[in-house]
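Both complexes shown next keep subunit A, but they swap its partner, so subunit B is in the first and subunit C is in the second.
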Partner chain A sequence: MKFRHSMTWLHTWAGLVFGALLYLMFVTGSAGYFDLEITRWMQPEIPVQQSSFDAPALLPKAEQRLQQLAPHADHVYIELPEGRSPYFMIWWHNPKGVDNPGWHSEVLDPSSGAPVAVRNTAGGEFLYRLHYVLHYIPKGLAYWLTSLAAMFMLVAIVTGVVIHRRIFKDFFTFRRSHRQTAWLDMHNLMGVLPLPFHLMITYSGLILLMFSTMLPVPASSFGLNPEKLRQVYDTVFSDGDHARGNGMAASSLPLVELYNLDHSKHSGATIAYLAVENWGDEKAVVEVGKLAQTGLEPFDVSYYQAVNGESFKGESQLRDRFLSLSFYHVIEHLHEGLFAGPWLRWLYFLSGLMGAGMVATGSIFWAIKRRHAHEKAGLDSRAVRWVENLNVGVIAGLPIAIGGYFLTSRLLSATLENRVDWEMHSLFVVWFVALLHPFLPRRQCDLSQLWAEQFKAAAVVYASIPFVNWMTSEVHLGMSLKYQDWTLVGFDFFALVLAACCAYFVHKINGRQRVSTMETVGVSQ
Partner chain B sequence: MRKSPSSIVSRTGAAIVGGYVLANCMAFALAAALPLHQIDATLMAMQLTYLFYAVAAIWAFAANRARTAWLGLVAPSGIALLIWALLRFV
Partner chain C sequence: MMLLACFACACGCLSLSLLRKRHRKEMFIQRRVWSTRVLQLLKCFGLLCLAGSLMAFIVVKGVALGLVYSLAGFTLIALSLSVLLSVRPRWTLRLFGGLMLLLMMRLLVGGAW
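On to the complex of A and B.
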């Protein structure tokens, strides 16, 4: 009994201390599973794809564009709008010593192959990065903070299982009549149903940052010399140079021929990208990535020599020899979910949101219980009110802020110089206002009124998203439904679903408020 | 849970700092002891650190007294460090 008491205490505080950060990580990390889709919505200049992608006709145009833009590039990459990717896009890498060294990219029209001038946007990648790089603080510090929060999460998960002797029985219990226990039951439901996901995502998240947080371990094996450690790191994580150029220029086969060659070898597979290493070199190697049907890798990959189309076999990779490294890659793939098709991707997303819900309901439940205890003991409950106010600003405020980020992206001028920065600032400005709102002095302030106000704001923000899309672009529901562009349909439609959920919350809160007012009136009579 | 504030502060320190030290020391020993390629063994140990860390943190609050909690972290850390030193430098 005493042990369970300690564990209950630990569970409560481990979850609560980093509650806000964990909530942010769960929400933005979940959004990250749709980063490409979000970015695509935020770049409305790309026209709706009106017919299925015609690779043999359009690939030469992409290659031509690359030759025109990047004659000296050493690596090039062509992404095709297949599978999850909504992009027909070219990327090139200029080596040092050439104008504009580094990676560059251009978006092409998936119907015509013509270049599209897209606006700069922080896109879905910003939300994805927010869940572990955070913002406004150095990367290294963010890694430590998010790792620490994840460590607290891990402890909260383990102790959560320990304190639930009747974990499965509790799971099937939902007592909605009693307010306090309803919150606890909801917390249990969202904690237990996706428990394997929560464990996996937390532990794998920690492992992905281990070279920041557990640096003493490699130092214990290889010494403190940073150069030596860097070397070990590079050996572990290099993809292995598949081919080295010999510096002799040679004309390669057109990429479309390699596309057709690979297509005839693997009929039925969908080619998602082509990449060339040592472009224009005699030893150039073309990598053809196809959407994987099974397994954890997102792509099945084949390699060809660019000059003659013969198969090319790269060196065997380190991960095939090291058990630890294959484990690491499994963990990485599981966390990132790049292999997930549409259904599994939605499951990932919803499991992540349930993680956010678990943190949120836990924190709400704590505040309710504390308030009861304080009122019973006749203690000053100002500190509890503080937590309650923070709960409103964090739990309801963050979704408003993210919605505000989407709207800002559309409302800012497409040519504004620092628009990417302002998009990102907008999220924090809106969130700051939402965090402040419960603390504003007012005559009479009921907690449920604050919740209702914020969810009302969230409902308005999300309901307006499809309409703002309609007003500001040609990629609105009218077009996307007509041409069955499910990426765009999905974004607008999910915004409406969120708006409906928030409106439902408002309705519930108001309903309960009416009931409690009636009860009070009844008692006083 | 009725525990004095000083006990809670001490246990929190044990969980966060002591747990981190223990997790690392265990990983040092494991990386040196596993009969694998050195890089392989190190990576394996690194990936297990968080498991040690979680167990250590839970121990810090499960132990009867704060002092026992610290002892239960420091002693195995010392032993692990000794094993590491013996395997690595002797």
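On to the complex of A and C.
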């Protein structure tokens, strides 16, 4: 076997073996770039912000609420509705030995500071986590599976570049006229144009999960004891010495004073959050995060002693000391894209979808090629049909399932017990039905009909999203347009665009089907 | 400056796409043979435009973010161009001319974003 041939074989199988998982990872990972926006849509109780946020007036109310709700908390966090975040939210962490240990949160009204009762939802966070933690299986196994898929993807990318002889010549080429060539060209376009993104996202994905999959490396130095390894991990990613309190109670400056202090120091910067470590302790530290203007960090962070407002250098010192740690953080930020503004976020999303498209077109192209080969050789093509059906269920079924997840979130009662779990189950139930659909016994059904049916279902699901939003909340498209709440406008509008795309696919498939039927009739006459 | 960087990127992509005979045939009604020298010039111009666009992004956004913006912008522009060349090749130059006009107007009105 020649080198290029062996690379072609490797490219095909490396892409196919984890094809469905990679598709899921790309689609849900891309949706994860808009996790906050998705969660916002799934919690319509959050009031539309009608004026700019008045932090100096509302911060004392948030602090007061924290003192009321969490007098024994050791960490507190106040998120301000600035930048992407629509939330004015307080978080607190109760240490062990106190009632309700762990993290808790409450949403506040950004115009009055009063608590707002919002429904529990898995939100966009679920889609984001789904792309690497998966669901229904242990976390460790999921890490291994997603890492293996990323490794296979990396192999497929590298071998893809090797086997693509005319990678530069064919750069802008998309020949639509011939079916098989069109799929190959589409696969090449989706793979080659965002090649740097694909390389970055797979490599960084592997690096981010290295503590699970490359365990032998730290284990060779620190042994296999999980507690010891946890300690090493905590040391590497700790926030430095300032994170430790001394247990002596002391009163801190009001947070609004530190807000004003930081605001006067960094005029023009937008403060996105305030966090207090060791709350109520003599060594309490206030972290003020501002939306970063340049660089790959999402926030520019300043640290202050809570007792006297003295500023000091924090975590960045630790990163400066270890080059490997700063490399890890760069990789992490590049992967998560938290630094990205709206335009760049959309481009990240588009590149992610192109990754999903690359995997999908690769699988479709493989099935078409196999079908031709089988028909030519007069072989039984039932196995190929099985793969084709699976392609329909996976590729068209997942968008339907995600749309179904959004609808379920709105249609389930807000007070239902375990509603978060039911939301998550709904995605898999819908996907399972979509996977079964192509395998249902029928008299006569060709593949294009299956594709058309699934895209029709997807079009209906996405077209009904703004409608269901209007029926189940007060923040419908008209209202969100009136108050210029672009997050909600964007969500409803994007659902309509997706519905239109799916309807267009149905139209194209039906058109092609009509032409082929007429050709068949013409030949037989 | 960002608008200029995007425009330079589009110029680069268009010039490089014209290197393919197939695209030239689709884009221009009049068929004429393009000399090797012209093609080489086109290649140089395209690469220079892409390099210029990268530099412009870096100047505005810094090295790290500029690089990310540049690659993302390039992906979007190249994808749009590929689709346009496949669906409506004759529109490519018209659209490009329109973009150029818009840029000129924007520059005249005040600054390039």
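The rule we apply is simple: the second predicted complex is superposed on the first by the 508 of 525 C-alpha atoms of A that agree within 3 Å, B and C clash if a C-alpha of one lies under 4 Å from a C-alpha of the other, contacts with A are read in each partner's own complex, and residues count from 1 in each chain.
The rule we apply is simple: a contact is a pair of C-beta atoms (placed from the backbone, for glycine too) under 8 Å apart; a residue touches a chain by one contact, two chains touch by 3 or more.
Keep in mind that what you see is a predicted model, and the values were worked out from it rather than measured.
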**Prompt:** In the superposed arrangement, does A:W486 touch subunit B (first), subunit C (second), both or neither?
**Reply:** neither
**Study point:** Which superposed partner A:Y348 touches (first subunit B, second subunit C, both, neither)
**Key:** second
Practice prompt. Report for A:F222: first if it touches subunit B alone, second if subunit C alone, otherwise both or neither.
Written response: first
First (subunit B), second (subunit C), both or neither: which does A:L334 touch?
second
Once chain A of both complexes is superposed, is A:F197 in touch with subunit B (first), subunit C (second), both, or neither? second
Quick check on the superposed pair: does A:G295 touch subunit B, subunit C, both, or neither? Answer first, second, both or neither.
second
The answer to whether subunit B or subunit C touches more of subunit A is B
The intersection of the subunit A residues contacting subunit B with those contacting subunit C is none
So, in the complex, the side of subunit A touching subunit C is made of residues 169, 171-176, 189, 193-194, 196-197, 294-296, 330, 334, 339-340, 344, 347-348, 350-351, 354
Counting only contacts in the complex, subunit B reaches subunit A at residues 1, 15, 23-24, 27-28, 31-32, 36-47, 49-50, 53-54, 57-58, 61-62, 84, 88
Touching subunit A in the complex, subunit C uses residues 13, 16-17, 19-20, 22-23, 61-62, 64-65, 68-69, 71-73, 75-76, 78-79, 81-83, 85-87
Note: in the complex, subunit A contacts subunit B through residues 3, 5-10, 14, 151, 154-155, 158-159, 203, 206-207, 210, 214, 216-218, 220-222, 232, 235-236, 321-325, 327-328, 331
